[in-house]
Amino acid sequence: MKSLNIGLVGYGFMGRTHSNAYRKVNNFFDLDYKPVLKAVCARDAGKAAAFARKWGWESVESDWRKLLARDDIDLIDIASPNDTHAPIAIAAAKAGKMVLCEKPLAMTGAEGRTMVQAIEKARVPNMVWYNYRRVPAVTLAKELIDEGRLGRIFHYRAKFLQDWTISPELPQGGAGLWRLDVKVAGSGVTGDLLAHCIDTAVWLNGGIQTVNAMTETFVKKRKHNLTGAIQKVGIDDACAFLARFDNGSLATFESTRYARGHKALYTFEINGENASIAWDLHDLHRLQYFDHRDEGRVRGWRSIHVTDGDQPYMKHWWVPGLQIGYEHTFVHQVADFIQGLSSGAPASPTFRDALETQYVCDAVLQSAKTQKWQPVKRP
Amino acid sequence: MKSLNIGLVGYGFMGRTHSNAYRKVNNFFDLDYKPVLKAVCARDAGKAAAFARKWGWESVESDWRKLLARDDIDLIDIASPNDTHAPIAIAAAKAGKMVLCEKPLAMTGAEGRTMVQAIEKARVPNMVWYNYRRVPAVTLAKELIDEGRLGRIFHYRAKFLQDWTISPELPQGGAGLWRLDVKVAGSGVTGDLLAHCIDTAVWLNGGIQTVNAMTETFVKKRKHNLTGAIQKVGIDDACAFLARFDNGSLATFESTRYARGHKALYTFEINGENASIAWDLHDLHRLQYFDHRDEGRVRGWRSIHVTDGDQPYMKHWWVPGLQIGYEHTFVHQVADFIQGLSSGAPASPTFRDALETQYVCDAVLQSAKTQKWQPVKRP
Amino acid sequence: MKSLNIGLVGYGFMGRTHSNAYRKVNNFFDLDYKPVLKAVCARDAGKAAAFARKWGWESVESDWRKLLARDDIDLIDIASPNDTHAPIAIAAAKAGKMVLCEKPLAMTGAEGRTMVQAIEKARVPNMVWYNYRRVPAVTLAKELIDEGRLGRIFHYRAKFLQDWTISPELPQGGAGLWRLDVKVAGSGVTGDLLAHCIDTAVWLNGGIQTVNAMTETFVKKRKHNLTGAIQKVGIDDACAFLARFDNGSLATFESTRYARGHKALYTFEINGENASIAWDLHDLHRLQYFDHRDEGRVRGWRSIHVTDGDQPYMKHWWVPGLQIGYEHTFVHQVADFIQGLSSGAPASPTFRDALETQYVCDAVLQSAKTQKWQPVKRP
Amino acid sequence: MKSLNIGLVGYGFMGRTHSNAYRKVNNFFDLDYKPVLKAVCARDAGKAAAFARKWGWESVESDWRKLLARDDIDLIDIASPNDTHAPIAIAAAKAGKMVLCEKPLAMTGAEGRTMVQAIEKARVPNMVWYNYRRVPAVTLAKELIDEGRLGRIFHYRAKFLQDWTISPELPQGGAGLWRLDVKVAGSGVTGDLLAHCIDTAVWLNGGIQTVNAMTETFVKKRKHNLTGAIQKVGIDDACAFLARFDNGSLATFESTRYARGHKALYTFEINGENASIAWDLHDLHRLQYFDHRDEGRVRGWRSIHVTDGDQPYMKHWWVPGLQIGYEHTFVHQVADFIQGLSSGAPASPTFRDALETQYVCDAVLQSAKTQKWQPVKRP
């Protein structure tokens, strides 16, 4: 088994999910490569060191440029805030490193395009962490659609509902709260949550042609977490949009952080001529499936408990009936990335795949501004 | 359309469900007979008169013997407390009336047997109101089982859980509370609630051979509702039993009025070699169905919304997706009774059918007393 | 008890629901008036007569003008297709009759306005059959919102999903299929299904300011049911729209008849600062309620089984745990209408109330055409 | 951080869950000890070596006696079949090792008692892997009960339903199938599945006084997996029993491997005077909670998504809304064991705690044989 030396940038929530994935993947998957936790990098060297001790990273860097310069690093994994993705990814590509990048790929489509160009010029293996593609139930949905079971698609609908920013007392910006700071995050729910919905949708249902969006910022001013200054809130607290896909289907998308009672309720449903599929992150191990070809009297939505060996990824885990959770999607993504290295067929979504979501987000945010339908532009 | 002149005894909860059924049945079903609300009978003539006005009963009697003596009555419907079933039913049979009787048929198996003998000697049409057989989802379950879809049956489990008698302040006996008075009710949850579970079970899964029960009375003394006297509670508050069916399957049954959070949660589940079925009174319009012959990857419990025209009884009601409720089971039972009159194939359960449940209840109560397995005796 | 003599126009699906309501209401509610099924009117006298026999209507008319001319009729109930609502309602008002009208009130807002003017000029009691307001769970939602439990409202979302027109072989027009004929129905899902969603939304959450819609007709041509001619389909098969309410909340609405697996899935959810509510027509007896003020560790969506005596309308029916169904909403509406007659406080929605939905539908259809945000105009 | 050197016996399903727990625990919990994967032991040295490579065990033994003799081992973890628990545990205790043992503790109560005696004589830290106590939702249930929220308890009911042995073609015995071989497993569903139910029940609801059981073996003969010989099946395929607890509550327990449609459906429900709790392994991250003290109109079962930081164990994992799975219960158990080492308050269930379940299982199996109520004997 060959080593795959990882250099991780960032030690937050995503730094943890990635570290866990690298540590677990070879225990459950037979692979040609074994990720080695070579170095973690963060501006605060003390925090990086504590994180390294906790997770077994062999060394610490406090400047990502130094990390990129190290010969013992094969792969740069970017798990730092959105505004750092482009510079690190482009430099890493130039340094000939493989690059994994947290989602969303970029702050804008234009920025994302420069990243894709750099990555493709360097011809380095690359992937973006749209982890929900690898929930077994979601992967199963993809298989069912690709097998043509749904027939012509009429409708797609997705939501990502949270409720953690309702309090006007919640500050914005700084550690742990950068997602509320538009300068760091680029946007609010659109880039954070709808990006997930769009990535899945495009993967399952093909390209989006045109969108029509509205956004809202319910709490207009918040204190900054570090400076204490009261500042205008620049992000979108909520965003909903209508869309039309290339295949003629209609869609509604919605995301908010003001939906009381929902912590991370990502749901999607797709209605086809012959069958429909629905899924929900709060019970991620289940897929709802309705097949109109079932005999009429006993037709009903099937609640599929996706824990059997013949369902995606599940033969690697425990026994039927015993569910896995959120973290496992990252393990699957590492496993698939490594299998892509071996096979030469890159795991999706690549940077190029993820750029599509960026273009849709751009159209969504522009539509919210212009109050008009916007085509998705792919310059 | 011929008239079917009804004489109803009792004006309580069941008096209402039956009156409603008689009034509605011809609006929804094409039948040869039309029930006519001829007379309602109750000891309290004033209350009977008020009830008659509310429901359109043409006349009132305060002595059921007089009701039986009337020539203009074709059918006696017994909806009065359990201890009145036998005398009225036997006398009605002797008078040559058709007899419908609320469940449970009798106070004991022995009493029930005398009723069956009288009814069968008189050869009068008869039926017992085990209404849950005619929930469309339950009838559908019966059809699926009769079609052999489940294969060999391994398990049956049923529960009927309520929580309305938890308070020790609740009085027993008298109007509205006779179900707590053992002299009137015969038993507690066994005759009231488990009788439903047993009737369905025997109908769906065949005869019960042997049972092993425990009962409990949690509140030992209660005030009598009318006299105010503190008296020993004679009924079973809770009863659970193990059973073995003739077909070799194993069963658990349980009923209580002390299950906080459940109002009338009658549930059953049946597990066969090839398929399983589950149902729940709190969502009575749904049937859960699992078919192992479905393709493995997309196998799951189907939540069947039983509101389509090809599902039992539903073509008579509204349109797909629109649910009916509790009261409709009584309408179906009247419709089936009348169709039985026309066709000569009596609607079930007849008195004889319902006697079986009585025998099982006897064995259950005896087992609770002897603390031993008891065969179901059919003398 | 006074008589309230009803003259019903139409004998289809809605003719049945109304007839049932009139027949049942006095059995369950203590009221000052008793509806009398005086006459049913339809162009086909034979079918009207058969309907009258089935439901107990005393007489039959084949011209609604004659019905309106009868002195023994107090109230005209319009249950005929949408294009007949205006002429009948206006003439009935002029004749001094009370008027009940099926939803949607009119073909357009302009037409609806003339109806309201006629009704208000005549000062006759009036009501529109937006029956879902009177599902007990929905009425409970209204109470909770009016009590201020939700706090500031952020989001409203509603859907009405069906799947009965997916087959291109389904004809349009004529008996039973007039809802597919744009000349008779006025529009497709917008007037038929979204009208329900809008009525509830406006009732629960106040006025809608502005909308942005898309519509689609998936099957472009269908055979006419009667003539056999292949004709362009004029209705909207699907419609989704974004909206902003007067109270600052954001909304998404969607309806389609192409959502495989859903028969009549009307759902709504409303998210407030402190609490959220959700409801679903396929399990109409349940209300989902999340209250953030519950203690954190044991906070969760409550599945409220709305069958208790202290919940709206339920004391009139059976006992806790036993559900009612779709038809009961019409009974409640008749009961409330009659109580409004007694009290002088008219039951909602009046014609004027229902006109609001008409205006929103107009804006929705116009937005779909112009592809722009449209304010809701109330001329 | 001190090292805790682990010697693991067994490399099957449980060998994997334990290995994973040791590897993960320090990434998520701040502890004084770090488990070191020192040696794995199995008769088949080749398979043990492969397992060691996969999981990072430093060395391999093929005789557990040798493992016990090693000075560099602090703790013996027994994850081998049931018939090996006693000899290894007793020897390990004598060797002064800490001992963790998979459930069920022993083949019989008598055997278990000798193990407890040896362990307690040696005064070594010890624990049995009844992992379901540490599902966060189950731990939350325990907290709610201990806080007295339920009031007097009336009912307990538990089931553990599977369907993997329905086919008569399934062989018994040998690798992976020893659970069907009575000589190795001791019993069927009683020791394997009901043991879990009993452990949770005793933990949540106190001691069981008396039981009344029935068992069944549906498939009477099976081929042996290794020898090919057709042999009598000695295990119980299904077992159901009634029970009475010390606190006066009544219980039903049931387990089977013939419940089509259920893979590993462990459920329990407990009904108290004031509140009820229900849980289900197929959706293990949810707790159902009904509190009668909630206001009547909005009372309902709360579906608690147990993923918040103030709920048991969850602050160590991801963010609210993101679920963990089955494997995490083992991580929790290791964390608690280590915290017990630090604090001196041993983590439960100790061998002594787990012996109680053994005594109940004995009474259950004896009752099935004698067909009588059996007191739980604690010699």
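Chains here go by letter, A, B, C and D, matching the order in which they are written, and residues are numbered from 1 within each.
Everything below uses one rule, namely that a contact is a pair of C-beta atoms (placed from the backbone, for glycine too) under 8 Å apart; a residue touches a chain by one contact, two chains touch by 3 or more.
A quick note: this is a predicted structure, and the numbers were derived from the prediction, not measured.
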Those chains which touch chain D and also touch chain C: A, B
Per Cα centroids, the chain farthest from chain B: A
Whole-Å separation of chain centres (CA-atom averages), chain B against chain C: 36
Centroid spacing, where centroids are CA-atom means, of chain A and chain B in whole angstrom: 55
Whole-Å separation of chain centres (CA-atom averages), chain B against chain D: 42
Multi-partner residues of chain B (at least 2 other chains): 262, 301, 305, 308
Parts of chain B lying in touch with chain D, wherever the complex brings them together: 150, 154-155, 157, 159, 161, 163, 166, 212-214, 216, 218, 238, 240-242, 244, 248, 250, 252, 254, 256, 258-262, 271-276, 290, 292, 301, 371-373
Chain B - residues contacting chain A, complex: 140, 143-144, 287, 289, 291, 294, 296-305, 308, 310-311
Touching residues (chain side chain B, partner chain C) in the complex: 13, 16-17, 19-20, 23-24, 26-27, 54-56, 162, 164, 262-265, 281-286, 305, 307-308, 317-328
